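What follows is a pair of complexes built around chain A, which joins chain B in one and chain C in the other.
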Partner chain A sequence: MTEATLGVKPPKTGSTLHTLRTKEQITGYLFVLPALIVILVFGLFPIGYSLYMSLFNWRVTKGAYVGGRNYLLIFGTWTNLLITLAGIALIVAAFWIWSNAFSSLSNRKTIAKVVAAAVLIVGGVVFVTGWGYMFESGNQNFLKSLIVTTYYAVGTVPAEVIIGMILAFLLYQDIVGKDIFRMMYFLPYVTPSVTSAVVFQIIFSLRETSIANMVIGWFGISPQRWRFEQRPLLNLLGVDISGFLAGPSLALVSIMLYGIWSFVGYNTVIFLAGLGNIPKETYEAAEIDGATKAQMFRHITMPLLSPTTFYLTLIGFIGTFKAFNHIYVLRTPSAGDSVITSSLLIFDNFYKANQYGVATAQAIVLFVVILGLTLAQNKLMGERVFYG
Partner chain B sequence: MDNLAVTQPKPAPATRGKRSPFYWIGRVLTYAILIIGALIFIFPFFWMISNSLMTLGETITRQLLPKVPQWSNYADAWNQAKFSKYFLNSVLITLGTLAGLLFTSILAGYAFGRIDFKGKNILFGLFLATMMIPESVTLIPNYLLIRGSILPIPGGTWLNKYWSLTVPFIANAFSIFLLRQFFAQIPKELWDAARIDGADHLRFLIQVVLPISKAPVMTVLLFGFTGSWNAFQWPLLVTTNDTWRPIMVGLWSFVNEAGPQTHLLMAGAVISLIPILIIYFLTQKQFTQGIATTGLKG
Partner chain C sequence: MKRKLFSLIAIVMVAAMVLSACGTPATDTPPVEEGGVDWSTVTPAQNITFWHQHTGEDREAAMEKIVNDFNSTNEYGITLTAEYAGGYGDIYTKMLALLNTPDVPDIVVGYQNQIATYQLADAFFDMNTVINDSVYGMPQADQDDFIDAFFQQDVYPLYDNQRLGLAPNRSMEVMYYNMDWLTELGYDGPPTTPEEFREMTCAASANPFSGAMAEGSMGYQLSIDTSRFASWTYAFGGDIYDGTTNQYTLNSPEAVAAFEFLQDLFADGCARLVSENYGDQSDFGNGTLLFTVGSSSGLPFYTSAVEGGANFEWSVAALPSTGTPKQDVYGASVSIPKSTPERQLAAWIFLKYYTSPEVQKLWAEASGYFPVRKSVADMMGDYMAANPTYKASWDLLEYGWFEPAVPGYDFVRDEIEVVMAAVVDDPTLDVQTEFDTLNEFGNRILAEQLEQLN
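Showing the complex of A and B:
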């Protein structure tokens, strides 16, 4: 029975109940309506309209219908896209075989693992081939921006999660001034990103007297150009690699350092809450059984924190793929495209170059990439997460 | 209802007596790491304030502290760089956004949490899905929308208008979700009692639910405030002149227009940070707890 039956007047007939229910329904819709309108108009309608725009030669005003041409500009040819996607599918298949191997008989495990490894290698090769073709005939700027975004994500999210976990774990001990520490750690996260990025502009400036150069000077390293340096960090360290394997430029590394600085506090606070939810009794029981601190951390804290870790990794990745403000403020012309992430490139294509159709097509590809990453992480990490 | 009170770790009972040397080494290391971490987190703030009080020369030669604090830098930034204008704009934009946000999210949060209607779950899922959409996708159509290029809108165009900076932000899935979680936990007996007294949903919401929902409403206000105050990408797009330019875009345009006037720039940065700092220090517990619980439930 629903709560409608508990009304003021006991329902004598079915129709009274019916009116009550209808009234309840209408109230519900009326209450949701204001929010619904705003979210429909500014949150959901734009997705459909973006799709629509991406099919036109849209430069400020709508031009001719071009079908998938704006997408073709990204990938070069549909074949390239198919090869790349096939590569991804093979990699996914490899993970599927691998994880199923654990649930099957033990003598088949080895075979399955070998097969998985083989499929993984083939998938990797196919993916790289497809990507290479796309890079040759497609939009290099956009594809490069995806790589820059990936560098940025891979360079920040794990560091943020690990540092956040360490700080939270240390803070969770019996610490004097715990609240003050937590408040200080969280401060960068609440600070407006434009404000703090403006400060980091000076910290990472190319002046010999800048803070960044002062700090590396303590270690006897000569002054660097930081935000203005488009050469990869590895090259500056003397490693002679070129291409994507050389990794992020020093300019991008500067932005990563900013990203880590501003986001670690958030992770710390969430981890602290996660730690607070682990029952004390678990530790006490383990202590009685003679477990060491390290064992407790490995076998109690880590597994029970895994939903938090998963959540933070997920929103961390989504966040880095969406990141805009601080990268926009910290970028410099001389760093070139080595710091242009996809969201920046899309914004430039739209705002500066007035390529609305091209920009919406790129935005939709970025959206699909984010969706794919989310799904992959759900599958990959979601299954290993231990939900108490 | 206790989901907004994060379980605070209780200090372990101090065991008296002998501690091994390892214990003390561990303690020292722990504090060392925590303090070094804190210094790294705090340093940019110190640097910002210190630089904002320097002369231009001092900012270049990298003094740690100004010889004589130049308080006039703040007056210069406030007047010369028009931070007074941007600041007031941001205050008005934030207030308007918050008013709308409270209205839409309290009603919707209540409906999703406490009223049964057809399609509720689908609608709620749709709302939540909007949290994952990158701004890059919605930005361009929204720009055309407020320019009046897609549909005719009141006033012809909302470019450089107050409405373009507030209306798109007066509802968001996050706030609705946060309030829904809280409203749904309110005991059903309260509603039954109110019904017997003849109250409808609206009266129950205003007279019973809201008075006991100060904590989640505060959290919505806090996040709404920071979101609105920190907004950058969208205002950058829709404000082409000073009329409604908010503080973050003002700060950014100062960077580009003023050239290397680090001391004034830092003074502007401090000004842009002050409201956030005040709110954060006043409501610090609320803030971190709100983020911890909503974060975990997301």
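Showing the complex of A and C:
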């Protein structure tokens, strides 16, 4: 809005200018006030109140102030937490050294790389040691749920982004009935997750004649227990690994498949919007230069879609760390804790065990983990985004 | 500088609005003390709400009729609004957030362990203060008409014998069996002992029913549910809770024997887990499952499954037991959250109506639940004659036994389900060791919950 449209005469004195600025300030605050109130009441206030609750022995009623005890239940000791954080700090430092080495043109580049690698190894060892101590003396259920959540995030987000991008690229071409395809791919995202998860219960049921078992039967694979199987998928494939490296259970993989199915449509639609913003002239120029479709996808589409990819990855990771509804519906007692993500564990501790203080402390830790991962992602991926 | 000042003013203003909107935390609201209320001076509230979990055409229609009849006939002009508030779990989580606030419903359904959890916050009305009131109380003859075990189930020794609920209906764990298939296998009736059960389930797994509508043949499907854990433990003569010591007994010899028995059945291929929600009902209806154990409130659904499936002769019986049968009886009660004496009185007046014989008959026949009053059973003669499976399950009521009504039981139930799934899934697991750990967990959770009473 310009001064001309407002009908305001140009300021002549310093005091008039100040009055105008003051009015602008007030107008600005009035505009943002409704949104600010909504964010404060429904966003920041619950976080603050959770933090407050986590400092008390809060069950069905508010108990005594316990300070950081609910957090200590998670970490075992503060020292364990400090060691783990020191490990993370060293890994970050290694990344910083490594990045500087690449950007530097000095002849000490190789030395910097070696130092970075050494710091990374030390950081890794310190992190694993701290984590091990926490696992020994802290809340194993919560720490394990963080691992399960990580499996879930790593297993779903990249797949959702890659499949979404491919589908968007295909739907962007001149194919017959592409509007119908767009709608079909988007439908899972708008279907209520509880309802569609119940359908997945049937698809991945124990029955030998379940849809999932029929499909793998076409490839000569014997029927599986799917949502009821707590053994890691790699073990079932004959790879003899245990611990963290064994990966997610087949039950969790079944739930991941639901997650991918559900969110691919959303990613596809966002990618389609991103594709629409790429100038057609770029492709025409590449075509004149003799570029193939694959080359155009690799060197034009992918770089120019990187802001969209970055956004979807960021939102995807945050979403998977908070995922709840479909995991709650698809979990089975037979799968044990192999499908219990942090959100589920916090819910159970809050509503079923009535450990409000403990549960809110865990929620705050999860919040910090998500915040940390988001910042790390922002740093790692944000610099590689090409804005044209 | 001014910009900072404006920012500060804006933040303070918004913070003030937020704080005034939030007010005092809900849990700090002082509860109404009803102990000394002279009910004859209280006028019942005119509008009250009832949160329930009932779904299904018949139950919804019956509930609507009960509410409409109450609203049009009660002499106090009370208008009750019945609201479906989700399943038991949904209602429980909603209620936890509302305890001791004015936003609580006036009547709410809840299992006894859930009510016990709510009462940790001293949030429910003790009906002892009104049940014998000369004006609004329930006549002694009516109190005596309740089946005693049901009537006493809502009296909580943990809370100085306060009456925190009233039973409007009950159901029971029963064993459903396919009589035609049993006959084909050469048996003239359902099993009464675990050994007979083993023999029949294994025979059925090897010999499909001739009238089956689908492929497959299985003797028994176990649904992973703590009430099945309790049922099988009871069938072997044990219990899962010791009321005298207030301790779980999840590792009792009877519980271990029961699950070693089931573990063997699974290992021998004579039993398996239920594949999906209510998968046992559909398999039973299709004639591919000989036995299943579940709530008697499922009778209408089993009737539909069989009539729409293999259409065979079937019935219900007590679980095969090592001695006298002991059947798990359960059901949510209706309770009154603390509010004002006026609202509590109006709620109580509805509960008296809801549990009156005529209304009980209507509700029991529409819902498939058991009525809670002895006189109602006599009134239901025609219904029982027309529904022999209902009659068969009703006749088992004398063997009824209850699960513990203690806070935190929901959390322990989840762990029980994980462990029972583990032992039947993996025949190499030592049941005693697993149940010892489970029992330790249960008692630790219980101790944590009871700490709040101190």
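Worth a mention:
As a working rule, the second predicted complex is superposed on the first by the 346 of 388 C-alpha atoms of A that agree within 3 Å, B and C clash if a C-alpha of one lies under 4 Å from a C-alpha of the other, contacts with A are read in each partner's own complex, and residues count from 1 in each chain.
One rule holds for everything that comes next: a contact is a pair of C-beta atoms (placed from the backbone, for glycine too) under 8 Å apart; a residue touches a chain by one contact, two chains touch by 3 or more.
Everything quoted here is computed from the prediction, not taken from an experiment.
In the superposed pair of complexes, A:R207 makes contact with chain B and with chain C alike.
Contacts of A:P188 after superposition: chain B is touched, whereas chain C is not reached. In the overlay built on the shared chain, the residue A:Q25 is in contact with chain B and with chain C. Which of chain B and chain C touches more residues of chain A: that partner is B.
When both complexes are overlaid on chain A, the residue A:I318 reaches chain B alone and has no touch with chain C. In the superposition on chain A, contact of A:F310 is made with neither chain B nor chain C.
After overlaying the two complexes on the shared chain, residue contacts for A:L36 are found with chain B and with chain C alike. When the two complexes are overlaid on their common chain A, residue A:R59 makes contact with chain C while staying clear of chain B. Judged by the touch definition given at the top, the superposed model places A:Y351 against both chain B and chain C.
In the superposition on chain A, contact is made by A:F45 with both chain B and chain C. Chain A uses residues 25, 29, 36-37, 41, 45, 61, 198, 201-202, 207, 209-210, 351 to touch chain B in one structure and chain C in the other.
Interface residues of chain B, counted against chain A in their complex, comprise 6-12, 14, 30-31, 33-34, 37-38, 40-45, 47-48, 51, 59-62, 103-105, 107-108, 110-112, 115-118, 120, 123, 126-127, 130, 132-145, 149-150, 167-168, 170-173, 176, 188, 191-192, 195-196, 198, 200-202, 226, 229-230, 232-233, 237, 248, 251-252, 255, 262, 265-266, 269, 272-273, 276, 280, 284, 287-289, 291-293, 295-296, 298.
Contacts from chain A toward chain C in the complex involve residues 18, 21-22, 25-26, 29, 33, 36-37, 40-41, 45, 59-63, 198, 201-202, 205-207, 209-210, 228, 332-334, 336-337, 348, 351-355. By the touch criterion given at the top, residues 2-3, 6, 10, 14-15, 17-18, 21-22, 25, 27-28, 92-93, 96, 99, 117-118, 120-121, 215-216, 224, 272-277, 279, 407-408, 410-411, 414, 417-418, 420-422, 425, 445, 448-449, 452 of chain C touch chain A in their complex. Residues of chain A touching chain B in their complex: 2-3, 6-8, 24-25, 27-29, 31-32, 34-39, 41-47, 49-50, 53, 61, 166-167, 170-175, 181-188, 190-196, 198-203, 207, 209-211, 214, 261, 264-266, 269-270, 272-277, 280, 307-308, 311, 315, 318, 321-322, 324-325, 328-329, 342-343, 346-347, 350-351, 356, 359-360, 362-364, 366-367, 370-371, 374.
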